[in-house]
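Below: a set of structures, written as structure tokens.
Next, two complexes with chain A in common: one pairs it with chain B, the other with chain C.
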Partner chain A sequence: MARAVTTRRKTLTTALAWVVGLVIFFPILWTILTSFKTEAQAVANPPLFLNFDWTLENYAVVQERSNYMRFLWNSVILAGGSTILGILVAVPAAWSMAFVPSRRTKDILLWMLSTKMLPAVGVLYPIYLLFIRFGLLDSRAGLVMVLMLINLPIIVWMLYTYFREIPGEILEAARMDGATLREELLYILTPMAIPGIASTVLLNFILAWNEAFWTLNLTAVDAAPLTAFIASYSSPEGLFFAKLSAASTMAIAPILILGWFSQKQLVRGLTFGAVK
Partner chain B sequence: MATKASRSAARLMMAPAVVLLMAWMLVPLSMTVWFSFRKYLPLRGGDLGFAGFENYGRFVSSSSFWPAVSTTLIIVGSVLVITVVLGVLLALLLDQPFWGQGVVRILIIAPFFVMPTVSALVWKNMFMDPTNGLFAHLWRLFGADPVAWLSEASTGSVVLIIAWRWLPFATLILLTAIQSLDSEQLEAAEMDGAGPLQRFGHIILPHLGRAITIVILIQTIFLLSIFAEIFVTTGGAFGTRTLTYLIFQRVLESQNVGLGSAGGVYAIILANIVALFLMRIVGKNLDA
Partner chain C sequence: MGQIELKQVTKSFGDVQVIPPLDLTIEDGEFTVFVGPSGCGKSTLLRLIAGLEDITTGHIAIDGTDATGLVPAKRGLAMVFQSYALYPHMSVRKNIAFPLRMAKMDKAEIDKRVAAAAEVLNLGDYIDRRPGQLSGGQRQRVAIGRAIVREPAAFLFDEPLSNLDAALRVGMRMEIMELHKKLDTTMIYVTHDQVEAMTMADKIVVLQAGNIEQVGSPLELYQHPRNKFVAGFIGSPRMNLIEGPEAAKHDATTIGIRPEHTRLSTTEGTWQGTVGVAEHLGSDTFLHIHGIPGCDPFTVRTGGEVALSHGDTAFLTPDPDKMHRFDAQGLRIA
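Let's look at the complex of A and B:
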């Protein structure tokens, strides 16, 4: 905003904004701090802020006891696999809808969006049954498919809104010069589309990473990602705050970092281009 | 101008996405509808034949149906009110110039990236635990008896956990919308002597109208199917059983697939009513 602001007012705003920001962030901060405490320090009253003996012990214990790496690896495969697969399916679709629109393009887009509105619980049993029938229960392959399908509408939509911003004249000029469809895709569209594709990948990786309905209901041990790993902490055994915190910190850290890069894409992706 | 060849190529390129989504929608959906008309108990004899509308009747006449509906409405409604009201205020605050804007924005958006099982467990144990939680420490500090949040104030606690995750989402979208507001219009209003409240009521709020509608609709769709937050905190006990959770219990816990599927059909219809409004707004935007 270009209006002149007094320093006094700016100072007040700064103070207020920081207080609000820290209050909202506090649970995350507290989790990270607690992960470096011993279990006794984690439940100390009065609570310890920074004045405790920092230890990495919890991280070692979590890894040792629960084989954290395996869950992490599953999360990476599920989120990464479903995103890559989704992009492979969605790029051609979004490309054709953005550059060769027909009368039905809008209907198809809206219909795709409507599949996203289907409440998961409404089709829980059929999917469960199909998974059993085809031996997919607790398999990464099955879950990659499901996560890809639930995010496919968002991927198509995001790519579509990005592709539409690429000026069509460039493509027409290329066509006039005799470029084939393949050349058009490879040499003109791909370089211009890469930023949009990267943003889409980022947001969908985050969404798939945090998905906690299908990953909780369709996995047990072999394919269980971090969401399920954390849920297994819901039955407490004695003192465990510090370990819970260490496990939680490890589960959210990668995505927090990715997430901070994706604020803008988040708005576009989750409002289906309606707010930019 | 698109040629005939490029048209058929375009159709071919769309095919995988359309076919996959079509299958993803139609196959499970028709199975749910089919099951909803069967007496189907996998653990007690399997498919015991046609049941007509019995499941539909029994689902709504069961004693857990109306409590589940009201719990769902209370949770979704409270989270919506909290996130939209605080979201507007936060967006207004973050739109002001202040030192460290980038960092504060990051702090505020962060909860949205925390996976639901983590946020639920962190709140449940480290804040709401009646013995060792921070709230218990705080209550004792002021000489009050610690509250067993998740059993004594269960709905409110669940609302807090969910709202904490969705407030950043609302704030981010509303902030984006506020920033697209023409600042000259605000300055003109200020010069004409409009106070802050008038500027808010007559310029900012109307401008935000569409963004608020979108936030409400999108959140409603996600909130109607809230699962993990309840799964790891109360497991549906203490009056926190939502419609989604009730269906989950019918289908997977008590393995009454016919009954659960009828519930599923109700949930699908409910979600579609909300979706219809959202699609109309998004569709309008597509033409512009």
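Let's look at the complex of A and C:
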């Protein structure tokens, strides 16, 4: 018998979901609201919710003080570049693990994932030294590489789980039909895995966009993305909450809009191929 | 042309040998069925011929040319898979055209061949649909269509009907046989269903644990099974195998009597037993008789209308001319 869901129960669950959603979203909402306040209103006690004088002053100041477009462009390059590079490396890797597994495939996958459990700061020093040695400090190329490498385990894992859902017989049929390995990947595997690849790309783009540890530690000016842009407003010499909020809003807006339009793909991506 | 020859072919997965040295020749135009219980190596053998698995030792020749090291596409064979293995993101038309596209054939020729295949298999009405929108039978037809456009030297079928319901299976069986007559191309068909094997094959290869138990026409296998395994596997219901003193009377370790070669009586006969379960098929009835020495239950095929019911006494008399005798090794005694 199917579980009976009463209207009351449905209403309650919906209400609860909204409450949880709002609690999660509240800090973002508060940041956006604060960005339209004056510095004095931003720290007012009791806090002002909607009853304040709305102003765009903070955005003007932020725009004047720093070149938003340069940071944005760096974020796009770093997130986009590391994702594309990651996909190019991960598709063949995931293909081989999913369709021609060896006795050690599972171990390799687990080992790859285990590197994500290492605190990043543990390898900061060696990577910093390497960056100095190769002249990569504050360079987009160096950061694209680092971001690609830190997200690679997740990209490979996600693609691997998607590829595993594709029946091997279909690839064998393609082989019987005369497809070369390249044609098999191009005409059969990739089109069949498009939804999986799309959610992987999206998720990794967002992860790379939001990445702050490496981008803050390995950049200064030339390669600094939006994370550095936000950080530059949380200076110790004074609390400019309104301006910091304006900068944060500007930094998260693009990714928030991207996320909004790709919700469906993202949910699939976050469930890691568990839902067919 | 489509003669396939296997010479001393073996296959091992790690330390486990699944196909011991095996020789087999499949003649051009022949409909050959590999039959055997699950795990007997029949699908592996087909995949070795297809080139989807590498053979461990031995040689495979197709039309006299050594194909042992060739990749699947270069062997000129087409395969129909159990799961159909259609490309879900392509329309029926594109699915069928795919092998021709891979062969870099020009568009006009591709269109011509796809149209011809669609005509033969009645695919016209759903040529622009995707596989997901088709029924099991239609999908199977598309899979066959994709195989025939290439005009291969031989078709390989890997249990192609096992995902279909019983009625559709009989229909598709006829269609495949019709296709064989029409195309006159070598076909190798793998199944675990001996009825499919008997009805379709020119030649049956019975396999067990990777070994070929017997090769022959359906009637040869039915009338002269080489050993106890083939005797028990071919024919439905199964042959009754009797061991012990009753077999010794006929100078054999085991005697085999088919259910249809036994006379049933309510008054007299060689053996006496009690009627157990009766399977009424309408045209025939299969009676399971208990209490026959050396074989329990003993199955008898009789007419559609039988007066006997559960618990009644029945007398059985085997037809001595159609009795099969086997020695201690299970081999047929001539």
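The working rule: the second predicted complex is superposed on the first by the 221 of 276 C-alpha atoms of A that agree within 3 Å, B and C clash if a C-alpha of one lies under 4 Å from a C-alpha of the other, contacts with A are read in each partner's own complex, and residues count from 1 in each chain.
Note that contacts are C-beta pairs under 8 Å (C-beta built on N, C-alpha and C of every residue); 3 or more make two chains touch, one makes a residue touch a chain.
In this text the structure is predicted, and so the values were computed from the model without any measurement.
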item: First (chain B), second (chain C), both or neither touched by A:Ala173; value: second
item: Contacts of A:Arg65 with chain B and chain C, given as first, second, both or neither; value: neither
item: First (chain B), second (chain C), both or neither touched by A:Ala251; value: first
item: Touch list for chain C against partner chain A, complex; value: 50, 52, 71-73, 77-79, 81-83, 85-89, 98-99, 102-103, 146, 150
item: Chain A - residues contacting chain B, complex; value: 1-3, 5, 10, 13-14, 16-18, 20-22, 24-25, 27-28, 30-31, 34, 43, 45-47, 89-90, 92-93, 95-97, 99-100, 102, 106, 108-110, 112-115, 117-130, 149, 152-153, 156, 181, 206, 209-210, 212-213, 216-217, 226-228, 230-231, 233-234, 236, 241, 244-245, 248, 251-252, 255-256, 258-260, 263-264, 266-267, 270-276
item: Parts of chain B lying in touch with chain A, wherever the complex brings them together; value: 2, 6-7, 9-11, 13-14, 16-18, 20-21, 24-25, 27-29, 31-32, 35, 90, 93-101, 103-119, 121-127, 132, 134, 137, 140-141, 164, 167-169, 172-173, 176-177, 180, 183, 186-187, 190, 210-211, 214, 218, 221, 224-225, 227-228, 231-233, 244, 247-248, 251-252, 257, 260-261, 264-265, 267-268, 270-272, 274-275, 278-279, 281-283, 285-287
item: Contact footprint of chain C on chain A as seen in their complex; value: 167, 169-170, 172-179, 183, 187-188, 191-192
